[in-house]
Amino acid sequence: MSTRLLYFAWVKEKTGIAAEEVELPRDVTTVAELIVWLKTRGPEFAHAFARSDVIRAAIDWTHVRHDTRIGAAREIAFFPPITGG
Amino acid sequence: MSTRLLYFAWVKEKTGIAAEEVELPRDVTTVAELIVWLKTRGPEFAHAFARSDVIRAAIDWTHVRHDTRIGAAREIAFFPPITGG
Amino acid sequence: MIRVQQEDFDIGTEVARLRTGRSDIGAIVAFVGVVRNRAGAVEEMTLEHYPGMTEAELQRIEAEASSRWPLQASLIVHRYGKLRPNDNIMLVVTASEHREAAFRAAEFLIDYLKTRAPFWKCESGRQGSRWVEADVRDDASTARWDDAKDAAE
Amino acid sequence: MIRVQQEDFDIGTEVARLRTGRSDIGAIVAFVGVVRNRAGAVEEMTLEHYPGMTEAELQRIEAEASSRWPLQASLIVHRYGKLRPNDNIMLVVTASEHREAAFRAAEFLIDYLKTRAPFWKCESGRQGSRWVEADVRDDASTARWDDAKDAAE
């Protein structure tokens, strides 16, 4: 089963991708592990996720912490801290 | 020199007067003394100022306490607690 | 700016006028007080005021707010005369660079206005008419700003 | 009610729509966030957002406000896309019987929205463009509501 990954704001600019469908490796079970794996996918991903502590994540439209288990997530988004309002 | 007295809301309804020019007796020097004197001017004034503790006063467009000296006041107003806004 | 008037006001027009030609405003807070029909008992509300002193008090209150917060603009409009349920009573608008100042100043203006601007409400309905009694909570709401000032000194 | 849109909104129209046909509203608070031209350096601001999640978050925030305060009505409108100095960014309106609930709920909605609704601002001007950094004060402003809730429990 593939998972939809979304990138916003400067995370999107750095990865060069807004959205993609990926098959996650079996050993990626948390958001933190997903970030570690994403960083291995090329220099632009390594760059985008270099300061992984400031990256925020959402699973299926809900904010989550990096230690959250991915479970049956259909859509996972990565973005900088929010600056709306 | 005469002083202009104004009455508002239920103070006006009870005195039956909105505004009047009066010569204040020489021994009336504070707002409290003025209220005591006003109460002697007839049953409607005695009634209007019966609960003198809830009556508010203003001298020349400024809120004052009952112990304020009248001084050279040109306009003194009496009214219930404010209920605007 | 302050205005005391019988006519209604339009919120959109007032806010638009306040911000015209400025690009230093980041936050606008508008408050509208409305005649509420408590349990359907109020058919009409008459607002009496003290012409002259009302304007003087509103100006003092507005000046005090401007001295406490960095406001780009502010407006108080208060109506008098006969009003009906759902009619506007008053409008307060504050504009600042940041929302915190705009919110605090708007609340300050309303709290002060409620205990210092000489207006009196008389409600009429099927059971006759009565002068609305002052709400002691309004005095408490005003007093909190004195405390805040003392604490800051 | 919540809306996410590119078009501008009219404050007067939105407030009028919210109160139509009601006579139980005593207080309306409206907040407008505006693009501020910091030192004349901002020519354009682009607001990116996360369609789907934005609406979901705004709905959650509005539901939370309604569960905390007795609101007669509320509205959040947030724009996205290209904006210029003095343009409206967002509108929050709350209506209640009393001003206290309307003010608290409006501030709560804005504070939450600023840290939870997925919007990102990119400013452009003569010196190029840059993503606006999050203000730590916004996190503090949101956290105060958690404290308030804990204290009440």
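Observations
By letter and in written order, the chains are A, B, C and D; residue numbering begins at 1 in each of them.
By our rule, a residue touches a chain if its C-beta (ideal position, glycine included) is under 8 Å from a C-beta of that chain, and two chains touch if they have at least 3 such contacts.
Predicted model only: the values in this text are computed from it and were never measured.
Remark: chain A and chain C have CA centroids separated by 48 Å (rounded to whole angstrom).
Chain B has its Cα centroid 73 Å from the Cα centroid of chain A. For the pair chain B and chain C, the distance between C-alpha centroids works out to 26 Å.
Listed for chain C are residues 33, 110, each touching two or more other chains. Shown for chain A are the residues that touch two or more other chains, of which there are none. Contacts between chains trace an open chain of neighbours here, each touching only the next in line. By the definition given earlier, chain contacts exist for A-D, B-C, C-D. By the touch rule above, chain B contacts chain C in their complex via residues 6, 8-10, 58, 61-63, 77, 79-85.
Taken in their complex, chain D has these residues touching chain C: 10-13, 15-16, 19, 22-37, 85-86, 97, 99, 102-103, 106-107, 110. Put simply, chain D touches chain A in their complex at residues 33, 47-50, 52-53, 56-57, 78, 89-90, 110, 113-122, 131-135, 138.
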